[in-house]
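Same chain, two partners: chain A is paired with chain B first, then with chain C.
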Partner chain A sequence: MYARALIWWTILRICVEERLVYRGDFALGTLMRFLPFITQIFLWRAVFASRAEPTIGGYTYNEMIAYLLLTNISRAFSSMPGLSTALAALIRTGEIKKYLAQPIDLIGFYLLSRVAHKLVYYLVAAAPFALVFYLCRGFFAGWPDAVTMTAFMASLVLAFLLGYFLEATIGMVGFWFLEVSSLLFVYQLFSFFISGQMFPIDILPQGVQGFVDLLPVPYLAYFPVAVFLGKVQGADLVRGLAIEVGWVVFFMLASRFALHRGLKRYSAFGG
Partner chain B sequence: MLAYLRVFLTFARNSLVRDMTFRANFIVDCVASLTWVAMQLAFYLLIFEFTPSIGPVGDWGKYEFLVFLATTLMVNSLVGAFFMPNLSEFSEMIRTGHLDFALLKPIDTQFLISLTKIEWSTLSNAIFAVALLVFSLARLNSPPSAVQYMLYPVYVLCGTAIFYSLMIALSSISVWLGRNQNLYDFWFYITNFSRYPMEIYEGSIGTPLRRTFTFLIPILVVVNVPARLLAHPLQDQNWPLAGFALLATAACLLGSRMMFIRALASYRSASS
Partner chain C sequence: MAIIELTGLTKSYRVYQKQEGLLASVRGLFKRQYRTVEAVRGVDLQVEQGEFVAFLGPNGAGKTTTLKLLSGVISPTGGSARVMGHIPWKRENAYRRRFALVMGQKNQLWWDLPAQESFRLHQQIYMIEPERFDRTRDELVDLLDVRRLLRQPVRELSLGERMKMELIAALLHSPEVLFLDEPTIGLDVIAQHNIQTFLRHYQQLRKITILLTSHYMKDVAALCRRVVIIAHGRIMYDGSLSGIIDRFSNHKVITLLFAGDEPLPTNLDRYGEVIDQQAPKLKLRVPRRKVPEALAGILASHAIEDVSVEDPPLEEVIAEMFALTGEAAAKERDADAIAARVV
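Take a look at the complex of A and B:
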């Protein structure tokens, strides 16, 4: 047990150090990423200014901007840049043999490497994030209460796990397709529009919204933010968290199952 | 001049031959870029469910804005098809030292590195843009006159030239810095400002922002001038900005050309 913990700890430490090499590039990149956000503020201000009612889909102008700003946080937890393609590439090039020969669990190893990636990201991105949120503090009504805050944290951790296992599952499809980029494209398209990173999904037409609520992607961006802003409370909050846990478990099992079945048909290409 | 045209046509043919070799991939690329465009369109249509116009009422209504969106798509697909694939390779050429081969060829280096590869699939967005333009122009309250139709392509080309100059300028910087992945992101983030009518940038932050991006780095001119020209009836008050756009285009092309030549002068090859 101790030996095993030591192995995982070493892996985590190596991954953290690997990540810290590019910290300057990282911090600058993070700050840049908020530039398009400025245009979004102006866009929504113009939209709100030209209508009579003060809210859209239950969001005031301030709430809309706070929402869009907060999606950067939920995306910082749930996004897994390059995970699926990296896993598919392991399979295609035959490099996956490395993990089969060593007493290391592939899914666990990559999970840890992503945890390390995220930890470093938060460390380096904390300053630019704090700066942007400080400048935009006027859009926020104040801190939510302890229960909401706890639920928010929980939904973020779940968003991370969901993002990881979902993309890992897509990557595992590489055992059957070899190239997953088209599948990934469909997924990204979906998540771009209905994960809520462009707009809160509350503003979609009623019928569409009820359906979208049950899909996994809104939990990657929309749900944690809606929790923070107090848009989801009481029974709805419990239901939302339950659905999120359900999806995490589903994709956890799906990625395992795909790996297990995939290895059975794996034919070890490459040298 | 004629020789350059012939070389360009050869480049175009080569790229097309390459694209047609992997025909299924080409179709997938077309469908992919069109789907992204459709998503953007869906987003704006959703916004217009909640508002009669973006900015002051009567300025950018739904169909006026669709003209604006079509213009954005047109300029971006022209840049994406002709210049983007080449200039994104340029910083790699500097890093690896492959620029040596381009310098040795008996042809203008800027021409060569700007137009070698043409991404034909990106032009599918331009076709979509024309369709969107036709659709929304037919629904405008005041259809454009012949003069407006004639000036529009001129200003679309001006806008494309301004974007191209900006890319050349940023690529030149990569000669000095060695590698500039962030600068390309920077290009994407900066041009993001050009996607909306300039009237939305107002107030204590918006006005200086608008002025900076109109007069200092003229990216707001790129889409705004042609789109306003076509979507709204001609007004005397628009002429100064239209005139400025021509000047800005010339200044950008010249300025970026000078920067590029300066950058080449300080290029010191790499590896062996």
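Take a look at the complex of A and C:
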């Protein structure tokens, strides 16, 4: 157990070091992240100004802006830039051999490296995030209670795991298609609209929302924010977390299965 | 008992056959044609503990496929293999901690980090105790003389330096079996020599078992007593390097240095084939049996200053042999094709 923890720690530490090589790239990326947000503020201000009612789908203007701000946090957990393409490249170039010949688990190893990516990212991004949230504090009603906060944290961790295993599964498709970028594009397009990055899912008509809720993507952006804002509570919260856990387990198994089958195919083509 | 044991090992794989042109590419989206390539066709091989064996063969002969099978990267179509009692393609960690694979064309180190970080990672994934790790690393680092490079990012190392680091990373867990796939590819002569010296020294020191594939005859001549020649997925020869010449070449090369300024004689082709002539030197390729007769005849009728009788260069012998086996394999393929049509 201790030995295993030490392996993980070393992998984590080395991945953190590797990421720090690119620190300049990050700092800029983090600031850029908030640029589209400014246009979103103007957009929603115009939308709200053109309407007689003060709310849209139960969101006031302030809540809408708070919502959009907070999706940046859930996305900071769930987005996995370059993961699928990196895995597909591993297969295409044959670098995957290293993970087959060494006593190391590919999916576990990449999970740790992504934890490291995130840790480094939070370290660098904490200050710009804090600044933006401080400037925008007027949009927030206040801090949620302890239970909501705990559920929010849990939904973020699950969003990270879901994001990882989902993109890992897409990457494994590289065993069948050498290039996964078009598949990834379709997924990203899809997730852009229904993950809640652009607007909260619950402003959609009831029937559509009920269906979208069952898909994995809203748990990458919408769900944690809805939890934070107190939009899902009680039984709904439990149900939401249960669905999220379900999807995490599903993609965990799917990525393993794809790797297993993929390696058989890989072998059939001579590696 | 043999440490590596292959019995009837075969591996065939499918290759996508793409026709030329846009239309064919579109058709390829729906229906693809595959060709089956038999990369390894029934290889039997036994390697004893402590042997240093070279795999020689032309490109596509099945050398790398065999190494991939032995390191468990792919699984075979038929036959069996055991390495230290393990079936490689089961990929048990117990097996993976006991061997190492080094591929000259693939990088296993972390590109952006100094090599010592990759070593540290290997310490963890191979569960090497700290003292043993420090001792082994220091020993390898000194042997390869790379201490000053340990803190430099791998991407800033030269190819030769990188290969040294790759070797250290692969040897940190003191593997009992080492698979080397073209470890000196692309290296300059000095770097090649350094790697060879290291491998020879290390193998003698640790008595580990090494399987090496290489295109450089120099690697093989410097390192391996036993040579396995693979062509078209089959073992064509298994024995010593010098044995190749005995078995596959029945010629010797006689080099004659003529005395005086007279033009070179033109009647020497009755002894053999004149392969090179630059006065006062002439090279003659003579069937082995006829060497004494040729020498006696030439020395009796010409003034000769110096003479040497040598085996033809090994590269030449092997290239000739590959060409011969290539023809044989092509005939076999044609026969298969005819048989298939008849059926």
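Odds and ends about this structure:
The working rule: the second predicted complex is superposed on the first by the 262 of 271 C-alpha atoms of A that agree within 3 Å, B and C clash if a C-alpha of one lies under 4 Å from a C-alpha of the other, contacts with A are read in each partner's own complex, and residues count from 1 in each chain.
Everything that follows uses one rule, which is that a contact is a pair of C-beta atoms (placed from the backbone, for glycine too) under 8 Å apart; a residue touches a chain by one contact, two chains touch by 3 or more.
Only a predicted model underlies this, so the values are computations on that prediction, with no experimental measurement involved.
Superposition model on chain A: chain B and chain C are shown accommodated side by side without a clash.
Of the two partner chains, chain C is the only one that A:E17 touches; chain B does not reach it. Between the Cα centres of chain B and chain C, as seen from that of chain A, there is an angle of 90°, stated in steps of 10. In the superposed pair of complexes, A:I56 makes contact with chain B only, with no contact to chain C. Applying the stated contact rule after C-alpha superposition, one finds that A:E95 touches chain C and leaves chain B untouched.
In the superposition on chain A, A:Q206 contacts neither chain B nor chain C. Once you line the two complexes up on chain A, you'll see the smallest CA to CA distance from chain B to chain C is 7 Å. The part of chain C that touches chain A in the complex is made up of residues 11, 13-15, 37, 39, 65, 68, 71-75, 89, 91, 93, 96-97, 99-101, 103, 106-108, 110, 112-113, 117-118, 120-121, 123-127, 153. Of all residues in chain A, those touching chain B in their complex are 25, 28-29, 32-33, 35-36, 38-39, 42-43, 45-51, 56-57, 182, 185, 189, 192-193, 198-199, 203-204. Across the complex, chain A meets chain C through its residues 3, 6-7, 10-11, 14, 17-18, 21, 94-95, 97-98, 100-104, 264, 266-271.
Residues 28, 32, 35-36, 39, 42-43, 46-47, 50-57, 181-182, 185-186, 189-190, 192-193, 195-197, 199-201, 206, 209 of chain B are the ones that touch chain A when the two sit in their complex.
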